[in-house]
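Given below, in the form of structure tokens, are the structures.
The following pair of complexes shares a single chain, subunit A, combined with subunit B in the former and subunit C in the latter.
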Partner chain A sequence: MVLPSNVSEADFNAVLGEFRSAVGPSWVFSSDEDVALYRDSYSINWGEPEERVASAAVAPAKVEEVQQIVRIANRYRIPLYPISTGRNLTYGGSAPNMRGSVVVDLKRMNRILEVDEKRAFALVEPGVSYFDLYNHIRERNLKLMLDVPDPGWGSPMGNSLDHGAGYTMAAFRDHFASHCGMEVVTPDGELIRTGMGAVPNADSWQDFHYGAGPTVDGLFAQSNFGIVTKMGFWLMPMPEAFLSGSVTVPRHQDLEALVGEVSYLEDSGLTGMPQYGSPVGQAAFGPGAAAMASLMQNGWPSAEAIENFVAAQKRPAWSVQLYFYGPEETVRATWQAAKRRIGKAIAGATFQDGEFLTLPIPKEKEPAQSDKPRLGIPALEVFNMVARNAGNANDPSDGHADLFVTIPRKASALFESARVLYETYKELGLPARGNPFPTPFTYYSRCFWTGTTVPTWRDPEKNARSRAIFEKVINRCAEHGWVGYRTSPAFQDLLISKYSFNNHSLLRFQEKLKDSIDPNGIISPGRYGIWPASMRKSRA
Partner chain B sequence: MVDRRSILKIGAATVAGALVKMPVFARNQSLTRAHVAFHRAVFDERFAECREFAAELHSAGVFPSAIRGDVAGLWYEDLRAHLRDTHLPAAGLTDRAALFCLEELARDVSMRVIFRADHLIDQNGQTKHTAVGPESLVAIASNLPRDAGFGRAVAVLFSQFDSNEPRDMAAQKRTGPFSPENKTALVSWLIA
Partner chain C sequence: MRPAFFLLLLVVLANSLPAQTPSETNGKAVFEKWCAPCHGAVAPKNVMFGTGALAGTSALAVKYKGKKPAVLEQRTDLAPAMIKSVVRHGLYGMPITRKTEVSDAELEDVVAYLTRNRKK
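Up next, the complex of A and B:
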């Protein structure tokens, strides 16, 4: 058994006894085989002393039990790590940030408290998954669309608190931004509600998120200032129709103008999440492999060489898929407007009409949909889609760690970040990675994300190599001002160290809050670099 | 999805033949003497071995559930509630990704993978079996046939599962969801 640091076995057994009294003996898990269920399946420290494994887990069924757990933990100074569904793989999954913590598994708090069709919101507990909420809405024929991440087995609460994102319109796919109101157990066991939830008898908790005075909701995302036990979300009214269309532009230099036009459409609320692609770049995985190798043989090519290469490939340099949600008249008209604007701005742009669907999709037709998340349908298909790929070859990894860094929403930044990543891998003596045809992630509408993924294994030596790559990429990107928005616990201290303006004044402010709100440091010590005073390391 | 009716047809057509082809270790085992009340036999209907596994267990009275890769519908609309209520073990022959998802999901009902046998099928149809879990099952699994037909043999193997046999954690979280690109990676498993 792993124990929390500085806690004796006798005290820990006493704690477990008190937890059992609070939640019932069936809901405290301390055997090795039970605790092993909470290991992070994608851990980059698997089997090493640094692996962040739990000492035990406790599963409360109601808010009062969460309060009791927190008070018990405070008495014994036991670190707690709350999870909702704990399936945020690559970002820690169900494992704690600090070895020896007790996982507070909120799976039993799984009530959908309210879904209001007319006001388009839901109020849920932590253990409600996207599948649960989706099925609840569908079974009642409510005209609401969820925005779901992929895979969809997480919870709306957990995903939003970790700044996760989905695939539909910008206002909804930023899951934390679309929340409205939360209930939180603070580290001293107090219960607070934010926004209009703080007004007794108010019936507008999920209608207005600010209330009056400072808004504190953000303190509970990617942090350790409390355990969120209820959360409201604004939902998208079910659109009448869905339409997709694809655009290609011929030249490499056309991406800047394409990004400008697509951003105009998105910022105006006319399109959903765009998906950029590169037909030339994609061909490098097949018939164009030799040509791409030739282009890259002497290092990063010049702009002229890139344009000559594109012309020779006889494929468009870039593509973008656009998605429209709304009444049929509206989505068709918007697509026409998009074609007009892009066609006028970029010579040689081509357009192809895509799929048109009336919504909602009947249940019997759901399995045939190839891109379920864009239709608000949760799925786990992504695991099958990526399970076999060329990157795995004959030695498949066991997981991966992802670093998405935030860059400005412009082609020049995308090209520069691709070049830096390419050179970083080269410096590490690794096989060439990347080329001048990168495509950005567009989950958050106002920025691009780019980055890298490294494999994780059950093999410590391979994991050591992956960690070295990951750390190098974090450091190199940060030199250019490109820093990740989240990462796995193994790299959170390093990541947060890059947010260092004015001698880390942001983190120092967060630490002051931590010391005041959670003086015993019981909630998720170390999460996103926020350590209790007793565990704080000196900062270089 | 394969429904119960089509499984019955497959079962009727294949059970007799399966026993004839069964390796020596399993030939004398009667499928009707399944020791354990499995709640479910989960199988991926895209693979012949999986279909035969399900047909075999179905002939022993285990209810089969077909998937096509994605386990979400099965779990959220069916299996989760039943396992939460009964805590009876479930058996399966699927691809790795499906087991990976089910293993993560099974934590919600406090159940875990207690046995798994990875079956790596190469391009010549030869299968390498690697099993971890209760000793009695691992010992038998080492003799699973290397050619086609191991799905049926696994079903018979599972009928020998003794729920009172000591367990260890060797089968838990053994791999991720990924498979070699040029092989078919199936996995038989018990969740209890």
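Up next, the complex of A and C:
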């Protein structure tokens, strides 16, 4: 049995007894077998003393039970760690941020409290998954589209609180930005509602997110200032149609202009998430492998060598898929406008009409639909990339850890980050990684993300190698101002240490809040580097 | 009847009842909710990074190379202990499933469903 630090076994047993009284004996998990179900399946410290394992778990069914749990934890100074669906894999899963914490498993709080078709919002509890909300909307034939992340088993609440993102229009795929109103149990057991939810007789909690006075919603994302128990989300009215179109541009240097044109479309609200690609880069996984190896044999090539290489490959350097949502007349007109603008800006650009669909997709046609998240259909198909597949047939990993760092939305930054990652892997003595044809992640419309993924295992030696790569990449990227937006608990202190302007004044401010709001330090100690005063280490 | 005695009687009665028989019908429903998004019967189109392919079904297609069905619902050799172990402990990229997601009783139902055609 793992105990919370500085808590005796007798006190812990008393706490468990009080938890059982609060939620019922069936919903307190304290046997080794049951607590093991709260391990992080993708832990990069699996089986090591540093693995962040729980001491117990408690699963309330309603907000009053959450309040009781928090009050009990305060009396005994027991660290709690709330999870919603616990499926935040690669970012900790259902395991706590600090070893010995009691996981507050909110999966049983799974009510969809309201979905308003005309005002286009939903109000949900933490345990509601994207699958649940999607099915609720479809069963009632509501004309609303969800914006879903790649894995559909997560919760709208949990995903947004960890700054997750999806695929449709920018206003919806930033999941935290599209929330409207939350209910929170603060560390003293008090219940607060934000925005119009603070007005007792208001019927506009999900219509206006600010209310009046300072907005505090952001304090409850990637933090440890409370347990969110309800959250509203703005949804996109179901578009009448979906249209995709493909663009290619011939030269390596054309990416800058292409990014400019696509950004114009994005920032004008004309397209959903663009998907950049590189036909030349893609060919390196097949028929172009030998040519790419030749290009890279003497290290990072010059701009001239890259351009000559592209010309010899007789493939376009870059592509981008554009996705349009709306009435048929407007999606077709927008695609025409996109073609006109890009064609005028970039010599040699080519265009190909893509898929046209009338929405919503009939239920019976959903399973065969590719690219489900772009259509607001939750799925788990992204796990193909990490499960056993043709590329790892004999040695699939047990999980992975991701690092997406934020870089400016421009081709020059993308090229520079690709070169730095290439050099970093080289310094580590690892096989060459990357080439001059990187493609950015564009979940957030105003920036690019790039980064790396390392495998995780249930093997300490292999995990040690993955950790070494991960830490090196974090440190090297930070030298250039490229820092991640979230990461697994094992690296959160390191990540947050990079946000160090004015001697870490941002973190020091957050610590002052922590000391004031949660003096006993019971909520998620250490989450995103915010430790209670009693556990705070001196900063170098 | 005094409340305490009534409660005691209920407990005794509950303990003396036979365990509920697992339900294949409910097992199918639980499977469809929790397992089918990865292990459903949609044929894998592309076992590399296939769109439209299901991760679990694709993974088993790669693993068994046609020697066994990739679709779990078509298997006749799944043992109850193995099903329970994989659900509770995970396997490769498949994560652990908690009891607040799939209860022990629901897991027994899934076992009943997936072993309904088991060859003895």
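Everything that follows uses one rule, which is that the second predicted complex is superposed on the first by the 532 of 540 C-alpha atoms of A that agree within 3 Å, B and C clash if a C-alpha of one lies under 4 Å from a C-alpha of the other, contacts with A are read in each partner's own complex, and residues count from 1 in each chain.
Convention: contacts are C-beta pairs under 8 Å (C-beta built on N, C-alpha and C of every residue); 3 or more make two chains touch, one makes a residue touch a chain.
Bear in mind that the values here come from a model prediction, so they are computed numbers and not experimental data.
Participant: Will subunit C clash with subunit B on subunit A after the two structures are superposed, or do they fit?
Facilitator: clash
Participant: Counting only touches as set out at the top, which of subunit B and subunit C does A:368 meet: first, second, both, neither?
Facilitator: Only subunit C; A:368 stays clear of subunit B.
Participant: Pick one for A:453: touches subunit B only (first), subunit C only (second), both, or neither.
Facilitator: neither
Participant: Touch check for A:399: first (subunit B), second (subunit C), both, or neither?
Facilitator: Both partners, subunit B and subunit C.
Participant: Tell me which partner A:384 touches in the superposition: subunit B (first), subunit C (second), both or neither.
Facilitator: So A:384 meets both subunit B and subunit C here.
Participant: Going by the contact rule set out at the top, does A:32 touch subunit B (first), subunit C (second), both, or neither?
Facilitator: Touch status of A:32: first partner only.
Participant: Answer with first, second, both or neither: which of subunit B and subunit C does A:131 touch in the superposed model?
Facilitator: So A:131 meets both subunit B and subunit C here.
Participant: Mind sorting out which residues of subunit A both subunit B and subunit C touch, each in its own complex?
Facilitator: 29, 34, 36-39, 41-42, 85-87, 94, 107, 131, 152-153, 367, 379-381, 383-384, 386-390, 393, 396-399
Participant: Could you pull out which subunit C residues touch subunit A in their complex?
Facilitator: 33, 37-38, 40, 42, 47-56, 58-60, 62-63, 88-90, 92-101
Participant: Using the touch definition from the top, list the residues of subunit A that touch subunit C in their complex.
Facilitator: Listed in rising order, the residues of subunit A that touch subunit C are 27, 29, 34, 36-39, 41-42, 59, 85-87, 89, 93-94, 105, 107-108, 127, 131, 152-153, 367-371, 379-391, 393, 396-400.
Participant: Would you tell me which residues of subunit A are touching subunit B in their complex?
Facilitator: Where subunit A meets subunit B, its residues are 29, 32-34, 36-39, 41-42, 85-87, 94, 107, 129, 131-132, 135, 152-153, 367, 378-381, 383-384, 386-390, 392-399, 456, 458.
Participant: Please name which positions on subunit B make contact with subunit A in the complex.
Facilitator: Within the complex, subunit B touches subunit A at residues 69-73, 76-77, 95-98, 100-101, 104-105, 107-108, 110, 112, 167, 169, 172-183.
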